[in-house]
Amino acid sequence: MKKRIEDLTVIENRQLAESFFVIKLSSSDGLPELEPGQFVQALVTESPATFLRRPLSVHDVNLKEGTLSLLVQIAGPGTERLSKLTAGEKLNLVYPLGNSFTLPAPGEKVLLTGGGCGMAPLLYLGRKISESGIQPHFALGFRNRSRILPHDEFRSLGPVYLSTEDGSEGTRGFVTDIPAFRDQHWDRVYCCGPEPMMKAVAALCRKREIFCEVSLENLMACGLGICLCCVVPTTSGNLCSCTDGPVFNVNDLKWQTSG
Amino acid sequence: MKKRIEDLTVIENRQLAESFFVIKLSSSDGLPELEPGQFVQALVTESPATFLRRPLSVHDVNLKEGTLSLLVQIAGPGTERLSKLTAGEKLNLVYPLGNSFTLPAPGEKVLLTGGGCGMAPLLYLGRKISESGIQPHFALGFRNRSRILPHDEFRSLGPVYLSTEDGSEGTRGFVTDIPAFRDQHWDRVYCCGPEPMMKAVAALCRKREIFCEVSLENLMACGLGICLCCVVPTTSGNLCSCTDGPVFNVNDLKWQTSG
Amino acid sequence: MADLRIKIGPLEFRNPVILASGTCGYGAELEDFMDLSRLGGIVVKGTTLEPREGNPYPRMAETASGMLNAVGLQNKGIDYFEKNIYPHLAEYDTHVIVNVNGNTIEDYVELSRRLDMLAAIPAIELNISCPNVKKGGMIFGTNPASAREVISAVRRVYHKTLIVKLSPNVTDIVEFARISEEEGAESVSLVNTLLGMAIDPRTMKPRLSTITGGLSGPAIKPVALRMVWQVAKAVKIPVIGMGGIMNADDALEFLMAGATAVQVGTASFIEPRAGTEVVKGIERFLVEKDFDSVSRITGIINRN
Amino acid sequence: MADLRIKIGPLEFRNPVILASGTCGYGAELEDFMDLSRLGGIVVKGTTLEPREGNPYPRMAETASGMLNAVGLQNKGIDYFEKNIYPHLAEYDTHVIVNVNGNTIEDYVELSRRLDMLAAIPAIELNISCPNVKKGGMIFGTNPASAREVISAVRRVYHKTLIVKLSPNVTDIVEFARISEEEGAESVSLVNTLLGMAIDPRTMKPRLSTITGGLSGPAIKPVALRMVWQVAKAVKIPVIGMGGIMNADDALEFLMAGATAVQVGTASFIEPRAGTEVVKGIERFLVEKDFDSVSRITGIINRN
């Protein structure tokens, strides 16, 4: 898909939870084809502390409406400013960027797992999987009950299992402690979340020889493969997580912790 | 008067003409005493290109309302951002800064002259002079008819004479060409405007030995007398236009052009 | 219409805007956004004899109006370049310049010799200023004797246009420009990144795996511009200026300070069309101000 | 409560935050906004033997995340200082340090001798790094032999705490720090401004009357921090770090890189309370992270 730079229009900016926002954008040129796992580089204007663009995953796409949604968690000045966008404002994106998740083969059992803003790419991935005739299952992990993000849209696609670190809702512990994750058979596991979560999921999957893809959130400058700042060590050397990723099969990653 | 740093609240931002805005601010702590000719240093947030504060003259003060008005002309990114302030937003000011105009003695005839954003300090000066029992006269210069700024408030204080460079309204030429300026007797002339205008006014006043004060708009970093960047050569050496000025008697200035 | 053409040594460029090494990959990565033939040229990624993995992640830290990088010359080496990249580059309708790096003088010489034979590479940029490698790189660019040695050695084997890329991390950059001129370089380009550093106060650790890295972007523009002005007054060979150019106004500052051409670096990360936007803006300025050619504004502040 | 006290030579400071020379006047200008006794100290305006008018206007240009200045040491000279300013300074409940400047070694020596006799001035900062004067200033700070000469000469006549302020416009700032240490200075402070320049493309003229000027503000922070880190590793005397400190996080970076104290400069132009805000922020950080004293974080990145 050809990459482009474009001013999209904010259709809606909905607060999902404390410091989480879903920004719906529409393209006057018509959206390009977008694959689950891909991301955009958003230009943050009006923020003196934000020099570079900010990478954000494609959270959802509505082809009928011609809209693209981003899930933004406030992490600093850039995301803070994005959280304040109002309907009618423009947001300049460079997109679509990166590779995408490998969709499952017919009949496979798939688990999509993540937490926090790592949930962002999982909704669109789940939607695509669902459209391909497979029901996705979701395992979502949170700090505690009050941190749980609304996930009705995930539920409309398939079963959702929850974990919280303090057990205040769902399984106590991490996503890897969720019984459905440990005990059921999965052909594929997809994961996006904080690094420790991804490493734990990868370890479990390697042990059980489950196909597992993770979406990395390495620091990026360009998102285009021209700065070489976002590298991740893999079995084929340092690869750019913005062009060879952000999605990687965990077997290709040289993560310190092994399963 | 003690200087302070304070978040004021925007009560209203009224567009006066193309690229001219009047921003009315209120202080929750109550306004300090403000003298005509003094200025504020406004902090421009949300503008990546604006590092330093922006100096702006006290345009008007309404003691009953407890409001302070600034007249802002868009000149670049800082004033551009200020022009977009909306009611309810905060504007951080360091103020009151600088010296002030010398008020006339009872019975004197005074002319206040300026153009563009140089009109900013003249309204409050005119108001103060008027309150002291003297009717101020105003001579305002513009490029052409379409550039003339609304000046009803000036008119409510005293007679207003206009000049335009192309003669499309009032006297053709500069403020110094206005017959009332040239032909009448003035005890004091006060001027704020582009440098060529101030120099012409100064030259005319020196020739006719009229007391004349100008308000300079030198580039400033601090506005507090600590950076020494805003200096102007005077008969007593380099003086800071932010503390020893912005108002100077033209006889003290070492301007290249002399009258 | 204004004449935008400029010359660096025998080489004529369509216009004075070149993409900077390490910030435009091999050009192809930006083709979705712009027509490379609208540019004066591109300087492809820093290249070495042998393949290099570069430095460990994290290699980047955002700073006020700039960024630090510690890429460390990651590239697949000259063999891979010749076989797999060069054939594509040969088809571009713009000057493709290779940025040459090494640990030793022998490395620089051998690599330059190899590049001398590639017909579609009309020039090399000798990088004696990379702050992100332990050996070679900036060491040559901060020691006058070493600089002279490596430039002179490369000059003997390289017969096309030789540009020497200078480091700003020196007391007197003019000295290095003079040495480049004396040793027969056709041009100097400056500046490479300033050596900088950032710490995350929350983790109490440096933000880069290498602790220090190279600072680029608008933050360094005033320093870069000053150095370009100093160098352009001191040497007769054309100067290629860079450092924080984000738009045509920035580029104009460099030209007016005395640069014959400019390079656009970090800007491409934020605005992938930055290079061609700068070309358009320079042309617009010249037309508005009635200059018939870009050469009229080169060093104009010294005449005003 | 954390212990914020630090020592520079024999001198104890209430906390490690000092206002930088040329950015806080004589302190009085900021008293409406803050209680100076909450600061570790202030370094007053660059002072010379004879009165100076400084450079012509314009002396300032705003740049990306920074500013250029070309003030050129405007001050009324030591006689005026002694008679009219010193009596007020003597009443401050904070360390008042004088920034010492000269054209010649004799100037520096004579001025230091005069200041040695002022009881309420416990330290001087020897400025061998001012980029904005034609004679003296940075020339001493970019030539190792001259630096040694002036420091050694001043050391002989100055008996209180001697801080040498270093220029960042050098290839190897560590060399100058070592020289300062060898010649008996109690401390080095760094960095002064980076030599930079700006052009207004509309008028096609330099923005400063002097063409070049000194760059300060957040733009230079990465370079300043790198230099402080390098110097702090190389010398045993305490290092005072500065360059672009706008808030406590920035100051913490310098402390973690190895600075014993910091100076706040340009920040005061934008936030006149910057100095005391930094003090508060450092204290808050220490308490939050359970450090009992600020010395615990000095150079912590080298231990992590």
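In order of appearance the chains are A, B, C and D, and numbering begins at 1 in each one.
Quick note on the criterion: a contact is a pair of C-beta atoms (placed from the backbone, for glycine too) under 8 Å apart; a residue touches a chain by one contact, two chains touch by 3 or more.
All values reported here derive from a predicted model rather than from experimental measurement.
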Chain whose average C-alpha position is farthest from chain D's own: A
Distance from the mean Cα position of chain D to that of chain B, given in whole angstrom: 36
Whole-Å separation of chain centres (CA-atom averages), chain B against chain C: 47
Cα-centroid distance, chain C relative to chain D, in whole angstrom: 34
Interface hub residues of chain A, defined as touching at least two other chains: 48, 50-51
Two or more partner chains touched - positions in chain C: 63-66, 217-218
Contact graph of the chains (line, ring, star, complete, other): ring
Chains touching one another, given as label pairs in label order: A-B, A-C, B-D, C-D
Parts of chain C lying in touch with chain A, wherever the complex brings them together: 22-25, 29-30, 32-33, 45, 53-54, 56-67, 69, 71, 74, 217-218, 266, 268-273
Complex contact set, residues of chain D against chain C: 63-66, 68, 142, 169-171, 194-199, 201, 204-206, 211-212, 215, 217-223, 225-226, 229, 244, 249, 252-253, 256-257, 285, 297, 300-301, 304
Chain B partner contacts - residues on chain A that touch it in the complex: 45-48, 50-51, 81
Chain C partner contacts - residues on chain A that touch it in the complex: 2-5, 43, 49-53, 94, 218-233, 237-238, 243
